[in-house]
Amino acid sequence: MSLLFCDIEKRFRGGPTIRAAFETPADRFSVTVLFGPSGCGKTTILRCLAGLERPDRGVIRCGDATWLDTSTRAFVSPQQRGVGFLFQDYALFPHLSVGSNVAYGLRGLSRAERRRRVSEMLDMMQLSGLERRSPRTLSGGEQQRIALARVLVRRPRFLLLDEPLSALDTVVRESLRRELRQLLISFGIPCFIVTHDRHEAMALGDQLMVLLRGTVHQSGPLDAVFSRPANTEIARLLGIESVIPAKVVHADNGLATLEVEGGKTRLVVTSPLPAGQSVWLCIRGEDVSLYTGAGGTTSARNQIPARVISLEHEGPVVRVILDGGFHLVALVTRNAAADLGLQPGAMVTAHIKAPAIHVVPR
Amino acid sequence: MSLLFCDIEKRFRGGPTIRAAFETPADRFSVTVLFGPSGCGKTTILRCLAGLERPDRGVIRCGDATWLDTSTRAFVSPQQRGVGFLFQDYALFPHLSVGSNVAYGLRGLSRAERRRRVSEMLDMMQLSGLERRSPRTLSGGEQQRIALARVLVRRPRFLLLDEPLSALDTVVRESLRRELRQLLISFGIPCFIVTHDRHEAMALGDQLMVLLRGTVHQSGPLDAVFSRPANTEIARLLGIESVIPAKVVHADNGLATLEVEGGKTRLVVTSPLPAGQSVWLCIRGEDVSLYTGAGGTTSARNQIPARVISLEHEGPVVRVILDGGFHLVALVTRNAAADLGLQPGAMVTAHIKAPAIHVVPR
Amino acid sequence: MDWTAIWLTLRLAACTTVILFFLGLPLAYWLATTRFRGRFLVEAAVALPIILPPTVIGFYILWATGPRSPLGQAYQSMTGSMLPFSFAGILLASVLFNIPFAVRPFASSFAAVNRRLVEASWCLGVSRFQTFLRVVLPMSWTGILTGLVLTFAHTVGEFGVVLMVGGSIPGVTRTISIAIYDDVQALNYAAAHRTAIVLLAFAFVALCIPYAIQRRALPL
Amino acid sequence: MDWTAIWLTLRLAACTTVILFFLGLPLAYWLATTRFRGRFLVEAAVALPIILPPTVIGFYILWATGPRSPLGQAYQSMTGSMLPFSFAGILLASVLFNIPFAVRPFASSFAAVNRRLVEASWCLGVSRFQTFLRVVLPMSWTGILTGLVLTFAHTVGEFGVVLMVGGSIPGVTRTISIAIYDDVQALNYAAAHRTAIVLLAFAFVALCIPYAIQRRALPL
Amino acid sequence: EQKPGGGTAHTSASVRIAAAADLKFALDDVIATFSAAHPAINVSVSYGSSGNFYSQLSNKAPFDLFFSADIEYPRKLIDAGHAIPDSLFDYAIGQIVIWVRNDSSVDVGSLGAQALNHPSIRKIAVANPAHAPYGRAAIAALTSLGIHDQVKDRFVFGENIAQTAQFVESGAADIGIVALSLALAPSMRDKGRFWLIPLDMYPPLEQGGVILSWAADRAAARQFASYVTAPEGRAILKSYGFMLPGE
């Protein structure tokens, strides 16, 4: 199995130091998402992989080839790496037609062959007919696909995408999110995608690397990272809505009973922590179900009577802020909210399944 | 009652012509959202209101004052309009400290009074302690609040906000969305907000104006526009997921029975249309409820057996693509999907309440 | 070293720079902000002194300000003295001749100021003029510095125009460049070399200032 | 009209422009892209000819290319002829003197090319040189045109350096500006006026070209 | 009479002189001795090209006295009403020499005018005959010597006689025809050899002067002019290589 190995450090004068160490398969499809807030170094890592930025220290190896080794001063130029880079603003050449943009990187081929490959690629991207247009006259979504076509027509070993959807408006962005993943799958090459939108991360990625202040804080399969953030900061970043201080009062064979600080509420979670341990509880809004009236039999271990404090509409979902002895957030669909007759002041029962509560020791 | 009246037309050479005609109260709190895809003219309308752009034709009146009248060549400068404009990138003065930025527009006051107002405003915005910092060293959210403070400290008659949240990363954006609305309410002045994010529109607005290709296509109270888009294009823009061609086969006192084209499915909707009329049906994903097993008694008139084609995770919700004789999309929460055991191939029943289906004649 | 000439030259350069600071800023601001379609004509006119031979310019300035021209007569009836062959005369010539060296850097740095900031200031109720003073000027100081340094240094090095209009009168119109020229004419090469080296060193150091401050490559 | 002088001047301006096109582009590209910390020294050196009096420059060029200097001797042993008082001599002087008028607009238009486009080209496997030819050049043509027009027009108007190095030989080194000067010296004012008017008109029209094409003021 | 002039203060005893460049060394010496004899009169001088001075004086340049390299310019100034008609005087007659650097292989002393035809000569520096009187004299001399047509292709033209001297002195030109006064100047004297072209080979280079009509102190100006043309002045001029009118 061929691997991409990367262990680098890049310092900016007057800026932060950015460090990244990871390893991913280099020969089969997978999407690694670099996720983190603005300025955390996502773009910098991508640029180091492409050879556009020189790390101050470190090694990058791709299969047998050493792309960078600061100890031996080895450095392979961007031209030689055979990596495809999709820039945030697409960086289409404004003085060339769509066709010439796509053909731009195809050298050393006969004219006919080049034309064949370009039109094949444009077909594949549903861009045929646009060959002679200027990129300026096209919509954001079309521009994105042209940029992708320009990169993919060279059959790169890797694909690096820097916020591929952020230049688009929301309507287009949401529809292209799905298309993009399908497209990447169909090409079957390993990809790195930078984003600071967790919905985008979920929609596009397999692997997730969470960056904070220039350092990779957590990485692993998308699900694992999302359901088990390593600390509260990552948890908050990933969209956990309620982060509640609590203490373990009773531990029993993987199940722990906790008492929420300052309240009398007790919660059961799956956790091996000993009694007396102080923890943060992370509860995602979508893991909180709300019921009114008498609760029937249910698999949820935690049933918390709570009062609705406020409702906030957010697109298809409603964010319900609850007071159950502690601050709790639930996400429900609009018609669920209507069916339940949710109003500020209404009483509800919040159901939370034990495995859905994530415990971070503190 | 004092009104803001606007009826303008602005032509760009080689670009589109932008038209807007509307009227809003000018003396009490309300948030009008200008919503539309990129390039539809939202910013242009805001700039015309602020006096930064001169319409080619039209009238703007605010209360008794005529700000613009192209027939009499009347034009009131931006300085005289007393309007607060929040730019997309905040446009803080990089050579001034935070305190000086906020104090910038306060003229003709004593030094002490100016300082008092600035610190009062900074307190209100929870920015105290940042007075001496340079705007460059602050986070996006802080910058946004400073820009808002700079505008609000002058007590403007109107507030114009051009994509106030788009310069922020998603995590910050979502949390500030809520704060911003609270802040605007506390100042109680009429606001115009530009956005192309429908979640933002829902979270911030009272009134909605939908713009397409330079023209206001629909406007009204937020709920009304969202639940009754004037045409399919607006419906799609506002996030209606399924748009289905159908024909009225039976009309009965406000209730219509429709047959979906190419299928045998029949749906009941609330619509006064006569039999024989061809229509588009617009069904929002969040209005489709899914059930497995035997359906009990329910208020939903339409119960459609359907097969799950695919599932797409999008943050807290799962987008379920269904085949029920026609293409149907449902949005459900993650744990609802888990509880229902949704898998491609699974059979479910989709419940859609008749009033939730919007009918657009074609 | 001819200290009289050096002192005169510095005085001339300083006056030229100050005058072009005040004249050049509004002209440059107009060029950077106007939507007037014939702007390119004004820009071309501003750039003309770069192209025309200094002696030609000097010759015409001499005629235009001489006692037989309306301008010269007006000046004479107002001040009682003559423009050519006076400090005021070479100052006028030097100002005209240096317009592009001040106005072009000014204008290009004004144009580089984010228009959004200017509009933000207007919307905060601050007048156009106050906005210029409080936002545009402080944000384009490196460009203004470039223009001033170019103007100052170019005046120090100027030769043809001042020779024509000034007439090389010691202490009045005989600047350092003309002193070098006179030394060369008098075959006094050693003195010419000495003065030229000083001038070269000065010009180089002066030019280094804006380039060292301004990180990005400068527009001309 | 002195057609010999006009023809010679056009030839000189054309040769200077062509040479500075090929010399100036790499120098400007280096200036626009280098991270070398001493770049400002090179920039200052490039700008020096704007500041130094042309006659001083001409004087030193004459010494440096004369038959007793190493450069002059090398040239002589290679070509058998002399640099001063030849077309090659004034061409050399004119190229040196015009460096800033070509290189500064070139460099500032290169610096204005979006770096992202250059990097995109590299990532598409296209070498640095090819990227320059296929992306940077086509995207900065207005700046290059400005530089070429300035160089051409400035050579037409150049006077001091050519006077010092050229020796005013009709058809060889007597350019149009020198012809005007000679006419003025000979009190032949009518002819001088005629030629100067033509020169002025030419310079103005030439300058209008880049400014009219470039919508935004220069880099401004 | 208008009262021209820039910022200079006019004392009753001040004379401002515009003088042809070839007078540089001689006139400095004359002024020095004049000032020693008349300490009350303050004399200042600017040197330059006579053609330039003519344009400037036509625009009332603030000089009292003009020493031209060619008497034609003062005459024209009188015709135009800028100079006092009866103040015209001639003060010297220029002489020209054929000059080579010391390291030249051409033996100019024995070859005379034929030195210009020497095979090693590639460039001959001559003042521009279109406007420089020394240039006209040089061309006339070569014509009457019968070698003008053989050497004219090798001419390079100096803007004035000083630049012509600079061309040869720097070695850029191999030989040149320059003013005797320059050949005798301190910076040229030791660097080269010359051959004096006989006076009858070219029309006399009459150098004349004039007092300008706006001269503030005509008496002082006249006093200096007559000092130059008096025996003291003539002696100095002669020592710098000028012939004197009437000799």
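Labels for the chains are A, B, C, D and E, by order of writing; each one numbers its residues from 1.
As a convention for this text, contacts are C-beta pairs under 8 Å (C-beta built on N, C-alpha and C of every residue); 3 or more make two chains touch, one makes a residue touch a chain.
Computed from a predicted structure; not experimentally measured.
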Q) If you check the contacts of chain B and chain C, which chains show up for both? A) none
Q | Reaching chain E from chain C through chains that touch each other, fewest steps | A | 1
(Q) As a test of whether you follow the contact definition, which chain pair has the most C-beta contact pairs? (A) C-D
**Q.** Between chain D and chain B, distance of the C-alpha-averaged centres to the nearest whole Å
**A.** 57
Q. Between chain A and chain E, what is the separation of their C-alpha centroids in Å?
A. 88
Q.
Suppose each chain is reduced to the average of its Cα coordinates; what separation in Å results between chain D and chain E?
A. 36
Q) Which residues belonging to chain D are in contact with no fewer than two other chains? A) 181, 184
**Q.** chain A residues counted as touching two or more neighbouring chains
**A.** none
Q. Using the touch rule from the top of the page, what residues of chain E touch 2 or more other chains?
A. 52, 55, 163
Q: Write out all the pairs of touching chains, ordered by chain label.
A: A-B, A-D, B-C, C-D, C-E, D-E
Q. Of all residues in chain B, which touch chain C in the complex?
A. 50-52, 77-80, 82-85, 87, 89, 91, 93-95, 104-105, 107, 150-151, 154
Q. How about chain E: which of its residues touch chain C in the complex?
A. 2-8, 16, 18, 21, 24-25, 44, 46-48, 52-53, 55-56, 58-63, 160, 162-163, 165-166, 169, 182, 185, 187-188
Q. Quick one: in the complex, what on chain D touches chain A?
A. 114, 116-117, 119-127, 134-135, 138-139
(Q) Looking at the complex, which residues from chain A come into contact with chain B? (A) 37-38, 140, 168-172, 174, 177-178, 196-199, 202-203, 236-237, 239, 284-287, 289, 312-317, 331-335, 353, 356
Q. Okay, in this complex, where on chain C does chain D touch?
A. 31-32, 39-41, 43-45, 47-48, 50-56, 59-60, 101, 104, 107-112, 150, 153-154, 156-160, 177, 180-181, 184, 192, 196, 199-200, 203-204, 206-208, 211-212, 216-220
